[in-house]
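Two complexes come next, and they have one chain in common, chain A, joined by chain B in the first and chain C in the second.
Entry: the complex of A and B
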């Protein structure tokens, strides 16, 4: 259908986007890679030079790195578990006939639109504050001692805050998928006497499988980069108890001015994210063919 | 009999759903309520509903930290980056949807893959480049970064919308003697506008809430609301009511936009994999 003229025009229309995205991706990435092999500290610009893999060696043998990787994994897996399981349950609940369904839906998805710095600060101060927070007030109401959440359970607290932000996303997508389930199929299985558990396992769950996969992959991409929530609540502490990989790179680059070391960390983060990305790209790609 | 049982069931489900929804919404609700208290009353949870309400905190936030400058920074950066992204992406998505070549698919997948790159992987060079060019703490610099960050999502979203415009209708218009200009104005644009509008909305939301680059690339001057609110993380004295007022103002507009565009959100954020 497309003539040569329209093809040329199409290429011309596509070129600007392709070019700026290419530059945006390649130039910084090459620079990061280059810096990662350099001794380069902004405070000591005189001491520079090619150091091969020394930055990687220092970064990878730093106890903070091991902890940061562990924390990153706990954060990602913890939030995924809460949001996917909670999301499925919530989607099943909201798919039922209820009065005021529209409003309930709005209330449930609202946290997703709250900017990360606001949600983290609201949780830190108004809910989790050991003196004036709602949780402390509730604890006292039941005669318990208030828990200093961010002090004693920093990683758990950050996980909880992040899960609150992402639960609406999972719910919204799973609910959308659930609503596309064929009514006839549901009714037929009900008439055949399948109970709820059977219906859930054999009909609903397989139908949701793809949406769940998409939720997991997209959340993982974003969760690997969690930054603001840690930045405004714990600053990665106490010690490195709630430092994840992005926060460690940030500390290295903008607080310790160690460009080389931070770049090595950045390269490692890119490699980790790519492993996830390969799977996501496959799934979305399949969808493109359909 | 069956009817009574289903009504009873509906009552139960309704109660459970409302309780769950209110628990999830509670932090936001509490923030809004606290913003109408004085600082002293804000932490007096036991008598929260007996103490007087006031809008003083809102004035204080403005007078003490020039809230509206940050608000306008947010507006300029999110709307600006979105419009820039549309400028680049409308022609690109258009040509991909209507004149696909054998490489279109690969290009689209490649664009998606740029979105997978963790920001922290390029933080150092971007920071240094911005420092050299004097773009740190500059609204234009941030606008460009956010535009590039969201461009793949914008192109993908537009593509899925354009793809749904039936090509036959263009041919029909041509047969009826419509010129290219008329075809564009009367046929294509009206069909494309809803898709473009929802892409615009979703992208403004994403840019408004972006909190990695905005925190790392701005200081006092160009700081949008994300960075402004973050400055409350090391406060002095009582600040619950002021924090709440600032937060309420920061999330209210985007909450409304988000509620309007929730359907498009699913489609946009899953790259069309879930509709």
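Entry: the complex of A and C
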């Protein structure tokens, strides 16, 4: 804004939306904070009152909490690894001139349009089901005992399902980045004697660095809050084997009816997410500075 | 050593032959320029030599060895691209050293070679910079540096100066010529600018629609163009062509006279005309004269000549310098 006048005007014009956004954010946050200091269980509405940090104490010392943190990390890192590595490889393949390129690309991108509950159901009942699933059928075809995926490898299964959903996103971003690589650069490296592997390491991968950063940042934001996939498939079980932080908060609030404890968990989740965000932006955000 | 031979090279995209049939022998150490209008196939020809495109038929021989099917890396040629094609995430030193690194040379040897190349190209103080922090001319020099470190058999330049401004282009032209004098390596240089071709080349290949129209020294092309296309393409401003009755007087289907081979007089001469635009360059003046019955002609006169729009002038071509062409555009030699 050039002049002081336009700057003041701009402030006035922006004020309504800024105020609405601020209120929208601050009211739930303050309410959650308020509840997190209250003894507030829906089954015992009579025993209410201010309890200082008791809710936090109970949530943090719950053995399920440590497991949930671990599961959250495994889930996020696992999905990131699969989608970034798989995404780079798929993008390299899709960048090749092939017959029916448009259709193939559309098919690859399609899973992203399937909503999480639906894809989780499809995986649960059509792919991983020990009786009706395709995996079970495949196992029997080779004379093996079908594996009850969701019982024996619950976290791995959830990671797989989530990765399947996010792979198209990573592929799409990385493919567009790949297509923006200067053709001359590829040819120059070819003249310089770089074979395909060297070309990938020294030319393609550095070129993709920024796109990979974007994929990691965006995916992390969404993956920290994975809920539907767990709710539909394993219900966080067996035990707490596939419970992540959001699911643990859900368990507190709606299965144990402990609003206070759930609120404390929510606040902890927000704090942890912010810590992760700070580290992420510090580590990978450097790539975004041109 | 770096002699390059093309034998009946053909390149087609589908049914369309970009280069129908090209045969060419480039001697070791020669500076050869491929010149022609845009879309004439000169870049394609260069890319065929580089191995970036596959030939449809014909052979490419480097130092007498058949390299038609060899991948680019095996041909020991270096290429400088129009867009420079530097690696943006690498420093200048890493860019220049990249081909050596790919060749598996050890770090100390690479450093020494990079320093040496940087010194010849005045890049020593920029070795730690990234390409985006360099000017156009410096980037071009880095691209050349990357080409010279591996001591290739020949350098291929694909319109390397077209992204530079006019003053820098003249400078880089001199530097590349100077480099050729130092290295004595074969160079092939593609350009659409006939001035670049004339000033830099030992020999020029004039291309038109994928065909080699003529291959010769700059002065050969200027003095004895093989056909009307070459005559019109080489020389600036362009040669004036006259068809019909006036040409028949000289026993040809068409005649051509260069702007510098005509006398201008305000009193008498062969062709009467009216001055259109006069371009005063200081040293020379180019007059665009509308000659009665023959059309627009360009004449070069000395710079101080004061002629203006609408003046009547007479043009007289130098009879020894009239080029005659038959009806297919081929040159007719004086008999």
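Keep this in mind: the second predicted complex is superposed on the first by the 260 of 290 C-alpha atoms of A that agree within 3 Å, B and C clash if a C-alpha of one lies under 4 Å from a C-alpha of the other, contacts with A are read in each partner's own complex, and residues count from 1 in each chain.
What we mean here is this: a residue touches a chain if its C-beta (ideal position, glycine included) is under 8 Å from a C-beta of that chain, and two chains touch if they have at least 3 such contacts.
Fair warning: this is a prediction, and the values are worked out from it, not measured in the lab.
Model built by superposing both complexes on chain A: chain B and chain C fit together without a clash.
By the touch criterion defined above, A:66 lies against neither chain B nor chain C after alignment on the C-alpha atoms of chain A.
Once the two complexes are laid over each other on the shared chain, residue contacts for A:94 go to chain B alone; chain C is not touched. Contact with neither chain B nor chain C is seen for A:81 once the two complexes are overlaid on the shared chain. Once the two complexes are overlaid on the shared chain, A:29 sits against chain B while remaining clear of chain C.
In the superposition on chain A, contact of A:201 is made with neither chain B nor chain C. Counted by residues of chain A touched, the larger count belongs to B, out of chain B and chain C. Contact with neither chain B nor chain C is seen for A:255 once the two complexes are overlaid on the shared chain. Draw one line from the C-alpha centre of chain A to that of chain B and another to that of chain C; the angle between them is 80°, to the nearest 10. Between chain B and chain C in the chain A overlay, the least Cα distance found is 5 Å. Listed in rising order, the residues of chain A touching chain B in the complex are 2, 6-7, 9-11, 13-14, 16-18, 20-21, 24-25, 27-29, 31-32, 35, 90, 93-94, 96-101, 103-119, 121-127, 131-132, 134, 137, 164, 167-169, 172-173, 176-177, 180, 210-211, 214, 218, 221, 224-225, 227-228, 231-233, 245-246, 249-250, 253-254, 259, 262-263, 265-267, 269-270, 272-274, 276-277, 280-281, 283-285, 287-288. For chain A in complex with chain C, the residues that touch the partner chain are 182, 184-185, 187-195, 198, 202-203, 206-207, 209. In the complex of the two chains, the chain C residues touching chain A come out as 50, 52, 71-73, 77-79, 81-90, 98-99, 102-103, 146, 150. Residues 10, 13-14, 16-18, 20-22, 24-25, 27-28, 30-31, 34, 43, 45-46, 88-89, 91-92, 94-96, 98-101, 105, 107-109, 111-129, 148, 151-152, 155, 205, 208-209, 211-212, 215-216, 225-227, 229-230, 232-233, 240, 243-244, 247, 250-251, 254-255, 257-259, 262-263, 265-266, 269-275 of chain B are the ones that touch chain A when the two sit in their complex.
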